[in-house]
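Pasting a structure here, questions to come.
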């Protein structure tokens, strides 16, 4: 990505990894909603905070990655997340972020993506200087020393393993459960069942939830949500908000859902989410990491009086990868997880892949780590 | 209160309590921010939810109560919150609310004020029908069967005991701590150090917090906050928002507070709170239980990307009274708790008391349970 | 039960329920491990504490109940746990316990079975005085006012609904998860897969756990555990403890399970549980509510140094019934829940039912609410 | 320590720190209970688990350290726990442990001392090979790369800063509070108010507890506990256990404490702790990290039926240091924290210091980082 809206193929030399680093031969790299924003030049993050930063170009996007260890730098063993030694040929999912380990956030046990000096692949790590290859939309990915590496079990195919990162982002669901004063039988609505919303819905399903409501504007997504356990699908393009809310309440004992997972990527659904959650319910705001402008909400009526909690979740944690991957592995028989990746495309088709990713009929679109069209 | 803006003295017969009920001779009843809203006719609550309701007049306000048992109905023992028998002459703080015990909220272990059929003294319980006396701004308060009653320890004077209810509302602080991924050394800002904000500040101080920032527009309140442990006081009337935020960040290691307690009673400070909290911090929205209209916030930038959590706290829980009272008792030597009630006024002066309660120089204003001017 | 070891049929008059009370025509009542202890005269509970009590005879056992409302006392509506009105003919599961609502435990929000003045059906409520019918091993059960009543959904047959109470006891699993610093992918071992252990195993399975180890001394139970999702079954009668532990560790990445649910009913397995749990793991002690004598454990090596947590769970909570029932309803297709009740017997066969309940081949044994042999 | 029971002074060359490492000029190093066990040769830890290990001699003990940066290896900046650069002359408390960062425990977000490849200063890190200086009972301490370093605020004197590590171990108290279903006004008993118990008592006091009971066999400790806020002191050497329990219950509303912190260092008090805790209470087992043999407990009566939870806490976490230090700093005026270190002794007097540390009249005994007697 040379600039907003401009994707080009460029060749870089294949680097020798420095001591502690590694080179990953890419299998697949997902297209994330954040990538779409970056493509549109919507990149200012954490405005007004010590974490503020501006993405710089040229950039190799791609932080939802799976690949094969191609080379290991230095003589020290490279370890996976269980402390076992990795060798060339092993398949891994690398963490999307690399935390410094010493700033206030890191040394306070906060989520690793809150690190004040965070390096994130395909995002703050750009392609300006060698070794250049800091994003997954490439044949090779350069893995910096200290990046957590999660070994892919043999039985997990690449096209499911590539979902590990978005599935790891759903840890907000568990956080919401900590606030949910009940136990496990809760009702859950997901607004926006694109790839991230679908991962949240799958998590809710597999962790024992009851009512599962999927809301979107694309029919193909609502239909797919049904295959993954949604007990009610609603098309927000066809319903007035009041009717939408009435339908949701009707499905949840007249109260509204215990947990609303707002994964739409647009700010307007936050307003709907606050109205939709039951009195005392929780809204997880996980849809859009890029500033899309303000919306009007009513903090007294919708939050204070109604006792609603809102949890902002800006990414996955370092600890949420392995459980996410394990959840995928052990439910391959139960849910059609292999249907989530709907399109596998070659690197040279990245631009059209970006467009497809935003269209009806597509769920997760991934780029294969090769220039020729993927099988 | 005969209608919005109209307070009058009216005499009702002193009722005989029915079996399980009791009659309380009032000592003091506080003026709460909610009462001020009711006086202004701002009373619609839970709009659009199954909990929606409209306050009806005539109304005897007053839900922050302390008094003495005057009569007990029936022959069954009346029990306090430890199961010990109460007798006439015992001092108690009655709970402000009475939950049904059987609705979905009650039988799910939710906070008692989320009850679908909640009766709340001085609020939904009006004075239309006998026994009329359902508010604390009176000589006697009629206590319905099942209302939790908290015995006042001998060493706790009435003018501190009357703060039990607002202190019980601060349970949102403990909830915020559950989300705070650290331990106890956090920085806290309170926006709006009126009575409720001051109770939050006291709680934070007594529960071991570090930096304690008090923000208000009334100098007397900021000054009083200093006497209760604030490590920084800021007058929002004298600072641009950006400068205010800069001063707060400077006092908190450049990051912003871990927890922001928004107790101002106006919706605009919610916007400030979101901006003020550190990345990954928590905002407790506890200021205004009445719909004051919308404000514009940015869910992507201020909540999702910044990982901010927001907790709506619309009232005290049944379980938070006794700990609140115990906290007051055992810290009477440590903090000047007897300074919190700045004005004690007779029932006939209720209207001017309401005005004083909103002015500089006043903290908690209480009405004594007598018509003649209080001592 | 006239005395330890002596079960007899006795006829009592069918009572008219007092106001607020109700009469339940029994469908099924389960035989619980506690009943077996009571039958053996092992009844001293909470020795040396304010809760100490001695069960008194004659007693109608049976606290795992399901039946049909036969009569409602008084004119006030009788409400279910969602606040909806119950009428004769409605099927309900009544709570096993009735808490006072005012003692220190009740007013502190503790689990309802910690109430200092707890009445428990089939246990502390005996058959000495009218209306006598305080246990489920009968044609009718007398429901005291205030007892929570959980409506049985139409699609849930009696023979699964009768499992609601033991399934509600498994809330210790959720509590353990709160301490488990991970998310959901944990490994779980259940020691003693009798009815209570099997309910724990089912809970773990349905709430998304990974490795699920079932340990027992009866082959039929281990076999049944496999049908409910156990990934490893071990017969403790055939393995030395060291080998048992080695097999468990081998199945859990060499570490041992994150959570060990000790449901055996004998104290010796507590020692095994402490040894089995991984460093930093949690043991839920939920097996035996009756004093079975001491065992030797090593608090330094097995708890402190090893960072093991132990959670004592003496019963279900009032809030855990409805989620338990909902979990059963929505997983009837997924797990063979109708196989859990292996024997349905008539009241006159209660004594042999008690014997069968402790033998190989039996899982849950229930008594039908009729004298003639059940269908 | 050349062998169990044998302490000798030995001179090692002052090493040049390798890149990323540092050299600390010691101010004080505390004597911990673990050191006393090591001195007695009681060193087997985690027996039968993957974490099992045997301490090896020669050993330089001392993991409760405070000192001044003397030298920094390499050219990369050495950072404190807030990410700020350290330079020679800065005072720091180094973490007692160094975790690998990649094993299952580290990558699951568990407490850092659960690391499978933990290096702990003065314990598993011995003095056999260069650079030898891996314990605080020395003039210099060699700090390995990656060891967390906590900057000591100017206003905190060395003799209080040296308490940071034991104060950090008290994080079990916060964990217990997570289980305590109430909020903050709980009653707490500390069994064994040696240095670790006293730190727990101080934590409980400063975090807002109510009743605070100190139990020990040494009169000087009980007396000191009173100066730090104990509301009841009991000498276990003068009371039969039943009387002790009766006195504790009398002080806690007849129920027993909500939380019992067992810090005695002997296993027998675990039995007492289980009996002492109220029904539904929590016992934190934090006293002895070394296997002191078994005791007989009753898992049915004392844990299951009584609903008691037990939390094993084997050490401080990496995240608990800074809050611990901050708590000390901001309460220097409130509590006589400078009285906790009762003896400061020279390195050559280490053996008599160990003896003094176990006698009446001593609380924390520290060794100064010099051979000549300390001031």
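The letters A, B, C and D name the chains in turn, as written, and every chain counts its residues from 1.
In this section, a contact is a pair of C-beta atoms (placed from the backbone, for glycine too) under 8 Å apart; a residue touches a chain by one contact, two chains touch by 3 or more.
Predicted model only: the values in this text are computed from it and were never measured.
> Specify, for the interface formed by the sequence copies chain B and chain C, whether it is same or different in terms of residue numbers shared by both sides, with half as the dividing line.
same
> Could you compare the number of C-beta pairs in contact for B-D with that for A-B and name the larger?
A-B
> Mind checking the centre-to-centre distance between chain A and chain B? Centres are C-alpha means, answer in whole Å.
Computed value for the inter-centroid distance: 40 Å.
> For chain A, give me the residues that contact two or more of the other chains.
Residues 82, 104, 108-109, 178, 182, 253, 319, 322 of chain A each touch two or more of the other chains.
> Report the residues of chain B in contact with chain C in the complex, numbered from low to high.
That would be residues 79-83, 100-104, 106-109, 116-117, 146, 148, 317-319, 322 of chain B.
> Using the touch rule from the top, collect the residues of chain D that touch chain C in their complex.
The touching residues are 45-51, 104-105, 108-111, 114, 175, 178-179, 181-182, 245, 249, 253-256, 262, 267, 270, 275, 278-280, 285-314.
> Note which residues of chain A are touching chain C in the complex, please.
Residues in contact with chain C: 82, 171, 174, 178, 182-185, 206-208, 210, 253, 319-320, 322-323, 326-327, 330.
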